[in-house]
Every structure is written in structure tokens, then in C-alpha cells.
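The data blocks that follow each hold one structure.
Okay, so chain A shows up in both of these, paired with chain B first and chain C after.
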Partner chain A sequence: MQVDLSSNYFELFALQEKFEIDEVQLVRRFRELQRMTHPDKFASASDAEKRWSVQAAAHINSAEQTLSKPLSRAIYLLQRRDVDLAVETDTRMAPEFLMMQMELRESIESLETAADPYTAAQAARKEVDQHIEQTSEAFRISFQLEELSTAREKAREWQFLDKLLAEIRDTEERLDSDY
Partner chain B sequence: MAYSDKVLDHYENPRNVGTMDKDDPNVGTGMVGAPACGDVMRLQIKVNDDGIIEDAKFKTYGCGSAIASSSLVTEMVKGKTIDEVEQIRNKDIADELALPPVKIHCSVLAEDAIAAAIADIKAKQSDKNPEKVA
Partner chain C sequence: MALLQIAEPGESTAPHQHRLAVGIDLGTTNSLVATVRSGSPVVLPDESGNVILPSVVHYSRNDDSGKCTVVVGDAARDHAVSDPLNTISSVKRLMGKGHGDRALSESGNQFAQADEDNQVPAIATACGDLTAIEVSADILEALRSRAEASLGGELVGAVITVPAYFDDAQRQATKDAARLAGLHVLRLLNEPTAAAIAYGLDQSLSSAGQETATDEGSLVAIYDFGGGTFDISLLRMTQGLFEVLATAGDTSLGGDDLDAAVVAWITQKGELGEITDAGDRKLLAMQAKAAKQALSESESATISFTLSSGASFNRSLSLSEFEELIEPLVARTLQPCRRVLRDAGIDAAAVGAVVMVGGSTRIPRVREAISEFFGRRVLCDIDPDQVVAVGAALQADVLAGNKSDTDMLLLDVIPLSLGLETMGGLAEKVIQRNTTIPVARAQEFTTYKDGQTAMSIHVVQGERELVDDCRSLARFELRDIPPMVAGKARIQVIFQVDADGLLTVSAIEKESGSVASIDVKPSYGLKDTQIESMLKDAMASASEDMQARALAEQRVEAERVLLALQGALQADGERFLNADELAEIDKLSGAVASAIDSDDVDRIKDSVKALERGSESYVERRMNASVRAAMSGQSIDRVGDSLTDTASTDSAT
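And now, the complex of A and B:
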């Protein structure tokens, strides 16, 4: 089997181009591709072949990273449809969504001074997890129905929620290191 | 990444942090967000009967540059008319704070927050004086 560097990430892993993927297949094919491009295999190869193996390994790694995480997979699916998230330039979001973000941020900010910060952090994490679950499901459905502008909106909201989750994790780590 | 002195100053001593009553007919509220970093910014302006912005408040969750951009904006808009404030561009904010290229989007956020706050106050004013709407 050959590794075609011009193939898209889904083709590379022999996966159907959709949001739900066969994760077992992803892992299996990833290992296979890693073996095929491993530097040991190219020890006595020509310089050109060595260069190719390095490029192929990089392509395979970024493909795996993109497809294994649901949010980056969602963004990649949209990119393949020429849908630009404009994450830095388009700042318009639904007011209710931004309001909710403000409130969640406020509660995260007050975690460390809460009477029981661990429980408060856990509760905040659970709330954000629920929002992420709803948002990813809404993405899945709208993408499947080819409602790309809704899918774009959901992926943009998901990005905010993903940052919130990271923020909560940071807070939890700080709590752990303080005690 | 190193922040400029001006960013640090606004970050450490943010001006005009707070909230105004969003239902006040003289208060315009603008909320915007940047998915890239998950930043959320709320800018409020209070416009008096002469059309002058007499007060501004902000609340921003985000990096130092986003906080500095919104803090600076509250200072820039005070005492100006809506027409004058509409002329503020993200470049003015980025230049003033010496933002590096990777943080330019924070100033974009601040410019968009001004636009959103103005749109809100204009909508309220046209509700108040429907005959003025062309």
C-alpha cells in the first residue's frame, strides 16, 4: 500500500467523510501508516525517499490529530466544504450565547474563592460538558442535513466551550498544586 | 510573549470596568466574541441628550490584549459623539497599544464592540422617536 500525500485526511485513513467516524479504524490505520513511513524503514533509502518519508510522517500525524478530536474534525469537515469559520475576524455571535459565555466565565472566575472550590469546579465542568455535548450533537445533525451555516455557527460556539473547558482544567490544576 | 507597557498598564489597572443597566434607554450595549481565543467582550456606552457619550463601561474575559483593548476604548469614547466614535478603527487601538500581529484580532473585537453598542443605542433611539426614522 502506498501513502498518497495529496489525499485528504479521510481518504488517508480510509474513512467516510462525515462527522461520526470509526475510531477503531482510525487507530488501526494510523499505526499501519506509521509503520509504512517509519524512519527505520528508510535507513538505506535515497535522500529523496528519506525526505518523502519525513513529509509523509508529518502529514499522517496532522491527519490523526485533526480527525481524532471531534472539534478539529468538525472544523476540518467545514473547511473541506469551503466554509470559513473566520475565528479572528467574525465577532458576531448570538447575544444569548455570549450572555451565557459571560455568566459561565464569571462562575469560573469565582471558582478559586468558592467555599468548596473542588466541588464548584466539578459542577462547572459538568455544565460545560453538557453544553459541548449539545453543541456537538447540533453540529452533527446540521452537517448531516447540509445546513452548513448552522453547522458553522455550532462549530464556532463549540470553540468557545472548548476554551472554557481548558480554563476549568487550568483552575483545577492550580487547585491541585496549591494543596 | 512580551506585552507592551501600555497593555500592561491597562491590564493591571483596567479603566471603567463594570456594568450599566442595559434597559436604560440612554445605554447602548455591545457584546461580541472571538472564537479563536474564546474571548467575550461587553462594552456599554451612556449617551446624554446632546448625543455625547458621557460614560462607558466594559467587562471582558480574555487575554491581556483583549482587556487592554476594551479598557482603552472606554477612555477613547468618553466625551465624544456617536459620529466621532464610529470613526475609531481597530488600527487606532492596535497602534496605541503597540499590539503584535498575533493580537490584532483583540483590537478587531474592540472595534466591533463599539459598533455593536452604537447599533444598540441607535435602535433604542429610533424606538423612542419613531418619526425620526427615515
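And now, the complex of A and C:
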């Protein structure tokens, strides 16, 4: 089965292909598409139609997830320009960024032993969020200016920062289970 | 959506016939069945007027005739103390569990010896060794008969509810049980989502959620603390759309555990020592449950009984003592509550309404604790025992096609991450928890040896890093990979989770385009062939009437498929198919037509399958085209400008 609704995710949601998107339009179009394709709409259809519907709805869900999260949207935009982040083969990063990243990681690792770990986790998240804000803005500008190599660098830094956020979440979860 | 359906309601032989469909709450302690009658949901009672069917099954065998008798519900529960080993309760806790799971030893049942080709533990009963799936099928069968008697006809299908936190094995086991009970499963629906539907279409929630209701909809938390499982789901509700944002829970935490805390208290206070007699244990559990229930209404409960050894117990349990006993368990439910809020990125204060579901939420202390946690009054307007069945019935009514004008749509999520075993016993996540379903992810693999034609993929479910700490779902053996130099093959494996939350895996070798065949070994489930043979056994013992009915049903189904396809082909067959393709479908249709004239159920079934396979690409092209047409229609209406922009960007690149 082939689901073939559009040539790319932006077209699927009738959005302009750029980093800033109309989120209201994304949500509205997502709901319309789900109402057309969701398996619940095909509960008494033939098996072939059911299979198509599962795949179509899955495709729309993936597209929505990719575009609704700024980081995955950024990576998708780069992919559309044939820019690969190549996280596994290319590990070069700016030294200043690596330093900053290491410091953040150290402070995250010490969260669990902090006097008030929940508050400390909140503070750490705020700090990472600030870095993400700067990095995403830098991505937006460089992508807009078609400076793709800078955009790529910023997207990779953003990915690192995003991993730090996940580590903070994991720590908080561990704290919950000790609670 | 009739536009896309080959089988349009208007094309069926009885256009406006109401299709009988039910919602079933298959609970740990109690089960219910509900339907929608003249637009309103009703829970169906048994002959004595009881809507609740205790999820208890008793098996006995007549010594003379050797005939087996199965009793479900209150009548089965009466045997709990006198014939404990043949009286199975809380079987839901065993669904999808393997040998050696703690749930088995805690269940108080006797299990048949594990053997190699049977991964599913079986309980030793007077009627033979029975898996939890078969016992659940007996409960479902009782509910199906109740519904058919009450509605006066055969059911076209059922929506069966499962705890939101059920993993793939537990879901599959539930679906298999339904199949054994002769029920067509329209959908497995998560219990908290079912409750949300019941409330969503009820005035109480719309008014309660109003203070935070905006265009973005209202945020609702469903706290579902039942007999054996606990779920918390966070949903956004907007004009008929139910979007689950996050879910969490504990599938072995429920009222049974509260009872166990009281049992421990009784044993300690009464200095009863270890209770070994199975009948005594059931007696104690029933006493504890009765005391717990009494304490939802009064300040103290008297517990008084005599054991088979003659030892007796007589003492009262005060409400404050009881609350102290259950406090650690209540606290355990708060941990998943914190997690859903974090996963959804939402503050407790932003939640517009908190709904209580499940028998355990009748306990005042539970309501109080959750009310404190969310900082608002909790809602329990709809009977917490019935609300899940009611929601399931509403969904069943929609899925059966009785409400074609509905704008109701559910978007649920996968509760636990899916991962693959990688080097060193690590689990690599392929699909993250709380991803909206259906979902599909492709992963590429290659061979590591020259000429390698097979490989194995181990799929696990859970959040932990080590495979051993996750739950093993299945091992997939990929075969028929064309032999190539090591590293040359590009095998794309697609993991797809459908709207029931069930995983299927398919694979294709991209260099050659050949489809690799997959052999699935479920870690804790019945193989498809085992289910087939159980069904065949049931069919063999069925009366000739039943077999005649099966033939008649198969004929009707085949005719329906033929008619629908012919209708569609007439409308647009030539638009989507070339002459060869049309001729092929014509040939397959002819085979179905001649199979219908035979008395061979299997032949009819196979010919229909062949036709459906043969017309697959037609369906595909037709569906893609009609959604594209619908999309562009909407685009012109609402977003004409941005679409033009997109088009120009596209042409520029």
C-alpha cells in the first residue's frame, strides 16, 4: 500500500516551507486530515481500505509531529535541502559550545544530590531553555539567509541541548520514583 | 467519509437498518456491556436486573457424563470458598503474562506445568488447562449472550476496553479472547478515553470545563483506579475531538491491592499466621473487600468470620486505620499523575476538570488525595463503575456506522515506548511513548555476513535502557533476504502500531525490492495457529445449525464485497485502472461469484481474500485521489493564499 497525498509535509498542511509556521493552520489542517483518514472512519470498510487508512493516518501523524516540534521541523527543512546532520560520522563542534555543553551536563549530573532537587531541576531546565531559544533564533536567521552550513551547525547544537532537556526529565522521573 | 468507502451505507441491502453493536468493559473484578438505543447509551442488565457481571468464572465437570459446565458471575462467585481452585477471579491480571511472572504466584491459582511450545501459562481446572485468554473469552461470551438476548439479534461488533497502560501482549491477549468468544472487535479502546467520551457528551463536563475552555479546547484528566489496574490520562477535548496528550499508569495496582492491605492487617491483628487453605484465602479477601466497601459509607466496619481451622476473628476496622493502610498505595498513583503532566508539558493548574473512574474512586480518601494533587474538586457524576462501558458503547455506535453525521473522533497514544534490542543488550527506542497512533516508523538494517539470508529482530516495550528491564514482545525472524555481500543488503523494517495499539512488523529488501517474510514468535502470547485451532475445535463441536449459519454469513459477506466493488468500478474503474488490471479484477470477481454457489466456507473466504488483494492498488489509487481532491477543495476555501506561496516556493527549489 502506498499513501500518496502530497510531495512533502509542508504541502500536506498547506503551509509555506519555512521555519516559522502558522500553528493554527497546522492544527486545523491536521484535524481535517485525521477526520478524513483515521481508521475509526473505516471500521466497516474493506480490509484494503482499512490498511490504507492506518497508513494514511500514521503518515499524517508523523508529518504533524515533525512540523509541530521546532527542532524536528528545523532538521526536516535541512533534509529538504539535502543537508544531513550526520550526527554519527561528523562529531566536530565549536569548542565554545562544547565547553558550555559540558558545564551544563555537569550541573545536570549533580541535580540528584542537590538540597532541593526539584527546584534545581527547574533552574537547570530554564537555563537550557534559554540556550535553546538563542540557538533556534540563530538557526532561523541563518536558514532564512540560506546560510545552510551555519544553519546546520546551529541545528546540531540544538540537538545536543535537546538531549540535555531529556536528561533533566529522566532525572525528575527518577526523583518521582524515590518519592 | 462515505465518499471513500467502497461499501457505502446506501449500497448495503438494508440501508437504514440499525446495526447492533456494544461496548464491553472487561474489568478485573466486574464486567459490563452497554449499547446505544434510540440515541442514548444504556447498560444492559441480566435477567435479574443486575448490570454488573462479576468477572468470576467457575468450572466443573460432571463425573458421570464428563460434561463440562462453565458458570460466570455471581453464581460462580458462590463457589469461591467451597471450590477455590476451579473458581477463577481477577483473571485480567494474568493477561499477557508469562511463566514466572509475579502475577501468577499472587493469583492463588494452580498452573499447569510449563512446556516448551506453550508460552502462555494455563490454569489447571476441572475443565482442563485454560489460559487467561480462554477464561476471559468465557466472560465475554456471557456478556455477548446477554446482549444478544436483550437486543434480539446478532452483534455486528464490539468495542472492548483495556487499561490505557496495557502493553502490546496484554492488548493482543484481550483481542484473542474476543475472537474466541465469537466477537468481532471494532476497536480496543483505552478505559480512561472511554470515560472521557461518556463525560464529553455529557453536560456536566462541558460546564465544569468552561472556566478554562477556549478555542484550544479544555484539558481533562481522567483518573481511573479500578479493581486491578490504575490509569491516568490527560486529554484535550475540542468539538467532538478527543486528543489524548499523555497517559501513564500501573497495570498491577487496583482495588485488589487495597483488599490485600486489609487482609494483611487482619492476619496481623488476628495473629492468624500464614493462611494456606485456598478457600480461607478467598474468604479473607471477600471479608476485606466488604469492609473496604463499607468504609466508603461509614466510619467503621466490623469484620467477623471463622476459618476452616476453627480460628475466628471479630474486630472493627476504623476509617482512619483503613486510610493509613491504603496511604502508600494512594501515593503510588500520584507518581504517574506527575509523569503525564510532565510528558504533556502542562501544569496541574491548567487542567480544567478531573474525572474519577473505577470502583476504587468511591473511597473518600482517594478522592481527597487527587483533589489535593490537582487543586480542584473532582467529578464523579457518572457512576464510576459504569462510565467506561457507556463510553465504549458510544464509540461502538459510531464505528458500526449508526452515526454517519458524527464529528466524534478519538486520537489516542501508545502508552509505552517500543524499542529494539541492539548490541550489548541495550534497547534502542523506535517509537516513543505518548506518540499519537496509528504510527509507523521505518528502520534500516543490513547484513553482516556474505550471503546472509535471515536475521532476527527482538522487539521490546518499556522505558528502561536495558532490554532485560523492558518487556519482551516478540522475536521477528526475517527470511528470504536475497544473498548479497555483507553490508550490501538494505532491509527496511517497518514497525506499525494501529489504532488498537497493536504492533505489526513488515520488511522489504530495498536493493532487490523483495519482501522478506517474517515469522513472529510472541514472547507471551498465543500464536495465530493456536487461536485458529481453538476456534476450529469450537466449530467442530458446534451444531450443524452453527455451521450453516457460518456459511450463510460468509456468503452475505462475499456478496457485499462484490456488490461494493462493482459499484465503485462502475463509477471510476476506468479512471484508475488499465485494461489488464480491470480484466484481472474481473477474473477474481468471477471466482468469488462461483465460490458463493458452492457450500465451501473456506473456498468463499479464500476467493474474497484473493479479490481484496487483487484490488488493493485500485483501492489505494482511489483513496489517495479522493483525499487529495478533498484537501485541495479545503485549501481553496480557507488557505488559498498560503497554498499559492507553497507552490511558488516549490517551483523555485
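Simple rule for what comes next: the second predicted complex is superposed on the first by the 161 of 179 C-alpha atoms of A that agree within 3 Å, B and C clash if a C-alpha of one lies under 4 Å from a C-alpha of the other, contacts with A are read in each partner's own complex, and residues count from 1 in each chain.
We adopt the following convention: a residue touches a chain if its C-beta (ideal position, glycine included) is under 8 Å from a C-beta of that chain, and two chains touch if they have at least 3 such contacts.
Here the structure is a predicted model, which means the values were calculated and not measured.
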### Message
Just to be sure I read the superposition right, which of the two partners does A:Arg105 touch: chain B = first, chain C = second, or both, or neither?
### Response
first
### Message
Contact-wise, after the overlay, does A:Lys163 reach chain B, chain C, both or neither (first, second, both, neither)?
### Response
first
### Message
Quick check on the superposed pair: does A:Tyr76 touch chain B, chain C, both, or neither? Answer first, second, both or neither.
### Response
neither
### Task
Spot which of chain B and chain C makes contact with more residues of chain A, would you?
C
### Query
Hey, which residues of chain B end up touching chain A in the complex?
31-38, 40, 42, 59, 61, 105, 108-109, 112-113, 116
### Query
Given the complex with chain A, which residues does chain C contribute to the contact?
1, 4-7, 156-157, 186-187, 241, 331, 335, 338-339, 342, 398-401, 407, 409-411, 435-441, 496, 498-499, 561, 564, 612-613, 615-616, 619-620, 623-624, 627-628, 630-631, 634-635, 638-639, 642-643, 645-646, 649-650, 653
### Task
Could you please specify the touching residues of chain A with respect to chain C in the complex?
1-7, 10-12, 14-18, 22, 25, 28-29, 31-49, 51-59, 61-62, 64-65, 80-81, 169, 172-173, 176-177, 179
### Query
What part of chain A is in contact with chain B in the complex they form?
85, 87-93, 95, 97-99, 101-102, 105, 109, 156-157, 159-160, 162-164, 167
